[in-house]
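As C-alpha cells, here come the structures.
Below, subunit A partners subunit B and then partners subunit C, in two separate complexes.
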Partner chain A sequence: MSQTQGGNSKAWWLLSPGVGLYILTFFIPLAMLLVLSFAKFENSVTTIGFFFDNYVKIMTDGITLTIFYRTVQLALMITVSCLVLGYPVAVLMRRSGPRARLWLLFFIVSPLLTSIIVRNVAWVLILGRSGIINDTLIDWGWISTPLPLMYNTFGVVLAVVHVYLSFMVLPLFGALIAIDSSIEEAASSLGASPLRVFLTVTLPLSLPGVTAGCTLVFILSMGIYLTPVIMGGNFVLTLPMLITDSVRNLYNWPVASAMALMLLAAIGAMVLLSARVQKMVGG
Partner chain B sequence: MSTVELRKVEKRYGSVAAVHSLDLAIEPGEFVTLLGPSGCGKSTTLRMVAGFVQPNAGTIEIGGKDVTGIPPHRREVGLVFQNYALFPHMSVYKNVEFGLKMRGVDPSERRSRVEEALGLVKLGDYSERMPAQLSGGQQQRVALARALVIRPNVLLLDEPFGALDKQLRDHMRIELRDLQRKLNISTMFVTHDQDEALSMSDRIVVMSEGTVCQVGGPNAIYEKPNSRFVADFMGRSNLFEARQVDESNDARTLDAEGLLLNADKTQELNGGNAIVMVRPEKIELLESETNRDGSVTVGGKIMSSVYLGSTVQYEVKVEDGPTVLVVRQNVEDGSISAQPGSPVFLSIPHNAVYIIPQ
Partner chain C sequence: MTDKGNFSSKLSRRTVLKSAAGAGAALATPYFFVKAHAASDPKVVRMYNYDGTLGEFYDKHWYEPFAEKFDVKMDFIRLKGSRAPLEKIQAQIANGQPETDVFPLHPDQLIFARRNKIAMEIPRSAIPEYENIYDEFITEFGPCLVLWSYGLAYNTELVDPAPTSWKALWDPKYAGKVALNEGLKDQTLQMVNLAFKGSPYPVDEETFKHLSDIRPHLVALWSSGADAEQLFRNGEIVMSPFWNGRVTKLKSEGLPLAFAVPDEGFFVRHSVYGVPLNAANPEMGIEWINFVCGEERQKRMVEFGYGTPNKLVEHTPEQAKAVIVADPEVVKKAVPEDFTKILDNSAAWTDMWNKWKSS
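Now for the complex of A and B:
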C-alpha cells in the first residue's frame, strides 16, 4: 500500500511540464490582462494602477458594447447552425458501417486540413460578386444582379460553420454512439414512433454531446478574426477585430485588455450555462 | 387461434441463413422457450416477432393479425432485454408509464396501472428511484413491469436473466413463471441455458443453425430427444453407436460399442443400427455383482470421479467396452469407493436405454 502511494507521489512530477506550460501560457497572460485592464492610458502613455477608465470607456462609448453583442449574436448563430447541420451527420455516422463512418469523418474534418487563407479565398471564388454561383445563375438567366452571398453575416457564418462543424459533430457522435440501441428499441416496442423515440430517448441521452459541442463551437466562434475580415469585408465587425485594432493602430493595450476580459466573461457564462443544462437533464 | 404464428419464416444475412423456414405457433397463455447454442438464430427469431428484423420470406401473425412488415411500435409486444434497457434519464415510475403515455391512456388510469404493475413485481416503494440506483435484479423487474403494463399480446424475453448471478437467476425464474401464470400471458423466452428452459417452459423449441430440431414439453425433450444433437445439448448423456445382436418377445439386445444393453421392444429400430442414449443419473453403481430384474449388470473400473456437491460424477471404463458417465446423488452412506482404479459394477435398467430415432 505505502509502496504504491510512494510511487504515485513520485508520478506527480510527470505533470510538471504540463503544469509549467499551463502557468506560462494561461495564468501569466491572464494576470497581465487583469493588471493592464486597470491601467490608465493617456497621451500614449500607460500608467499601471487601479483605474476604471477602460471599463467605463467600453461601457459608454456606444460602439464596443454594440460590437460585443453582435459578436455574441454571431457566435450563437454559428453554434446553432453547426448544431442543426451537425446532428443529422452525427446520426448518419452512428448508423453507418465502419467504412462509411471513416469516410464521413474524413469529409467533416477535411476543412481543418487546409489553411484558413486558402479556404477563405476559395469561398470568395465561390460566393463573390462574380463568383461561381452568381456567374452561373446569371448565365442561366435566373437572376440579373448578383446575390449578396458574402460581405455580410451569411457569408461569415457559412465560412465559419464549414470549419467548426467538425467540433460539433465529433462530440455529438461520441454521445450518440454511447447510447445502447436496445434502449431505443425498448421505446419503439412500447409504442413510440421513430420521431417520438428520437425526441424522448435519443435526443435527451445525447445532450452531453450537444452541450460539449455547443460550448466548444461557441468559444471558438467568439474568437473569430480572419474570416470576418475576408468574408465580411468590414461589414461584419467582431470584438477580436476591435481588440486587434486597439493594439495595432492605437497601441492602447489597457483598453484591449479590458475588451479581452469581456470576451472571456462571455465564454465563462456559456460554460456555466452548459454545465447547468447538463446537470438539469443528466440528474 | 394462436397468439403468435410464424409460417415458413426465413432470414438471411448475405448468403447465410440465420433462420431457415421456421414454423412455430404459440398458444394463448403458453410459455414457449427457444433454446439452442450461440448463433443458432434465437434472437433473430424473437426480433422478427418484435419487428426489428424483417424476414426475407414467410409471414408472422400476432393475435390473428398479419404483422409482417408492420413496424415494431404498432405490434403490441412486450420486450425484455438481457441488459434491462431501462431509460436511464427517467425514474422507475416514468419508465413504466412510458408505454401508456405513447398509447394516450389518460393520466388517472395511467397512475393506477403503473402502480399495479410495480406492485406485481414488488417494487411499489421504488417508483421515484432512477434506474442507476437499483440492483440488476430490481432493474430487470422494472423492465418486466414496463413491458407488462401495456398488456401486450405476447411477452418476448431475450436471455433476461443472463446478467444476474446464479442465485438471483433461480429466484427470478420462479417469480417470472408465477407472474406469467397469474396474468396468463403468452410468452416467448430465449435462453441457451437448458436448466432454465426445463424448469420454466410449457414447451421448448430446440434450435440449431437456424432450424427447429425438436419441439416438445421439457419431459419429452429430455427423455426422448429426437436427434443426437438434442440429446447432447440437453444435459449430460451417454451416447453409443449400437447394433442389434439378439431379440426376445419384449426386448432387444444391443451391442453398444462392446457394452451389451437391453432395450424395450416398443422402441423402433430402423435398419440394424442406431444411436442409443443412457442418461448418467439412471445408471446405478454397485460394489458387487447383483443381478436385478429388468437391468443388465456389467463390471468396470472407475477412471475418475468429480465431486459436485449434491452429486458425484464418475467415469467408468467397462471391460472391453466404452467409458460410461455415471452421476450419483451424494447421499450420506455413499458406500462406493470413489478411488480411481476401484472395480465397480454398473446396473443399467432397460427403460433407461433410449434409442434415438433416425
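Now for the complex of A and C:
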C-alpha cells in the first residue's frame, strides 16, 4: 500500500508545474482583474476600492452593451460561416484517400502557419479598392466603381473564417471519421436516399463534432482584435477593441477589467451551453 | 483499498497547494533573477524604438553613436504605434521596475505621468545641453523633441487643386478616397471643429454631425501612421490628415505626395523624453537625453524631416519646408491644444466616437 501511495504522491508532483502555471498566469491575473473591476478611475488616477461605477457605466453608457451584442453577432456569423463551409470539407476529407486527406489537411491548416499581419495585408491586396478582384472586374468592364469588399463586416468575416475554418474542420472530421460506415451502408441498403442517410444518420452522429467546432470558433471569434482593425478599417467594433482602447489610450484599467470580465462571462456561458448540448447529443 | 481510493486519498488540499506553491516559486525564480540582473548592470541602457524608417533613424543616429561614445549596450523594445505603453509602464513601476530607462511621452501622456507620478523629475543642471534648447521646450521631466506637424497629406496627381482647407476632405470629388485618423481621435475631432467652427473646442453633437457627413466618403479610419502609409501606397486613398515626417518618407519612396498646411491652422506635437520612476539605469537614461539634445543629433533629426527645439540647428530652405516648424515663431502659429482638456475628456469623446461609428 505504501508503495502505491508513494507513486500517487509523485504523480501529484508531476501535475504541479501545470497547476502552478495556471495559478500564476490565469487565476492570479483573474483575481486582479476582479479587484480592478471594482476600482475607481478619476482624473487619470486609479483608486482601489469597492465601487460599482464601471459596471454601471457598461450598462448605461449606451454603447458598450451595443458593441457587446455586435461582438456576439459577429462571432455567430463567423461560426455559422465556418460550419457551412467546413462541413463539406470535413465530409470530403473523410471520403478521401490518405494522400488527398493529407493535402486537404495542409490546405485547411495553412493559414495558421502565416502571421496575422501578413495574412491581412494579403487580403488588402486581393480585396482592396485597387486589389486584384476590383482591378480585374473593372478591366473586364463588369463594374465601373470598386466593390466594397473590405473595411466592412464582410471583409472581417471573410478574413476570420479563412483562419478559423481549421478549428471547425478538425473536430468535425474527428466526429465523422468515428462514424461506423456500415450504419450508413445499412440505411442505404434499406432504401434510404443519400440525402436521407445524411440527414438521419451522418448528421446526428456528427453532432458532437459540430458542437465542439462551433464552441471553439465562437470562443475564438469573441476575442478577435487585429483583423477587425485591419479588415474592418476600424468601422467594425468589437468588445476586445474597446478593452484595448480603454487600457492603451484612456489608461482606464478598471473599466477595461469590468469589460474583460463581461467577455469572460459570455464565453463561460457559451462553454456551459456547449457542455449541455454535448450531453444531449451524446458526445 | 483500491488504487483509485489511494489516489483520491492523496487529493488533499494541502498536497495540491504545496505542489502549486513549489511550481509557482520555480517559475518565478528566473523572472526575479532576470529583473535583479537588469537592475544591477550599469552598462545596459534599455530603450523603446519605433518600427520602420523612424526606428532605423533612431538606431543609426541616436542609439549607435551613444552606445559607441559611452561604451554601453542598448537593449530595445519595439513600440506598437507611436505611443509608449503608459498603462504597462505604470503597472511595471507599481510592481517594481519599468522595462526601459527612457520613455517618450506625448503631451497628454505627460499630464498623465505628472498626475500619477510615474516620471522622474530631472533638474536642469543634469542636462547641460539645455543651454541650447528653447525654454518653452523644457519640462520638469525632460525636453520636448521630435516636433511633428499635422496637416493634410494628398496625392499631387489625383488631387487638383492642392487643398488649402481641412474641408477638402468633405469635397464630394474625393468621396470614397479619403481616410481619417482613429489612432489620435482627439486630433481628428479638433480638426473637424477647426474646419467648421474655427476653434478646436468644444467637441459636441455638431462635431459628430460633420463627421456623419463625411462618413460615406471614408475608406477607413486608420490606427497608426504605418496603416495610413499603406493606404496611400495601395492607392486606396488620395487624401488624409497626416504627419509631415511620414509624408517626407513616402515622397522619398517616389510617391506623388505633398503636405498642405490648411488655412484654418495646423497642429504641432512633440515627444517629451523622460526617465520613468524606478528605472534600472536612470543615470545613463539622463546621459542619453542630454546626448540627443545636442546640435549634432538634432541636425540629423531635421535632415530626417522632424523639427527641433535646438537653437543652434540651421535649416536649408528644403529642410525648413519639410519640417514645417523651422523656428519657434512658426510653432506659435500652430493651433493651441489644451492637453488637460483632451486627457480629461478622452473617455467621453471616445464614447461619442464609438456611438458615431456604430450608428
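Operating definition for what follows: the second predicted complex is superposed on the first by the 276 of 283 C-alpha atoms of A that agree within 3 Å, B and C clash if a C-alpha of one lies under 4 Å from a C-alpha of the other, contacts with A are read in each partner's own complex, and residues count from 1 in each chain.
Quick note on the criterion: a contact is a pair of C-beta atoms (placed from the backbone, for glycine too) under 8 Å apart; a residue touches a chain by one contact, two chains touch by 3 or more.
Keep in mind that what you see is a predicted model, and the values were worked out from it rather than measured.
Superposition of the two complexes onto subunit A shows subunit B and subunit C fitting side by side, with no clash. By the touch criterion stated above, A:151 is placed in contact with subunit C alone, subunit B being left untouched. Comparing subunit B with subunit C, the partner in contact with more residues of subunit A is C. The three-chain arrangement built by superposing both structures on chain A places subunit B and subunit C 150° apart around the Cα centre of subunit A, to the nearest 10. In the superposition on chain A, A:117 makes contact with neither subunit B nor subunit C.
Look at A:245: by the touch rule set out above, it reaches subunit C but stays clear of subunit B.
In the overlay built on the shared chain, the residue A:17 is in contact with subunit C alone; subunit B does not reach it. Of the two partner chains, subunit B is the only one that A:201 touches; subunit C does not reach it.
By the touch criterion defined above, A:102 reaches neither subunit B nor subunit C. The superposed three-chain arrangement places the nearest Cα atoms of subunit B and subunit C 25 Å from each other. By the touch criterion stated above, subunit A contacts subunit C in their complex at residues 1, 4-5, 8-9, 11-13, 15-21, 23-24, 43-45, 61-63, 66-67, 70, 121, 124-125, 128-131, 145-146, 151, 229-230, 233-235, 237, 242, 245, 247-253.
Those residues of subunit B that touch subunit A in the shared complex are 50-52, 71-75, 77-79, 81, 83, 85-89, 98-99, 102-103, 130, 143, 146-147, 150.
The touching residues of subunit C, when paired with subunit A in their complex, are 1, 3, 6-7, 9-11, 15-16, 19-24, 26-28, 83, 85-87, 90-91, 111-112, 115-116, 176, 179, 182, 218-223, 227, 230, 234-236, 343-344, 346-347, 350-351, 354-355, 357-358. Note for the complex: subunit A touches subunit B at residues 180, 182-183, 185-194, 196-197, 200-201, 204-205, 281-283.
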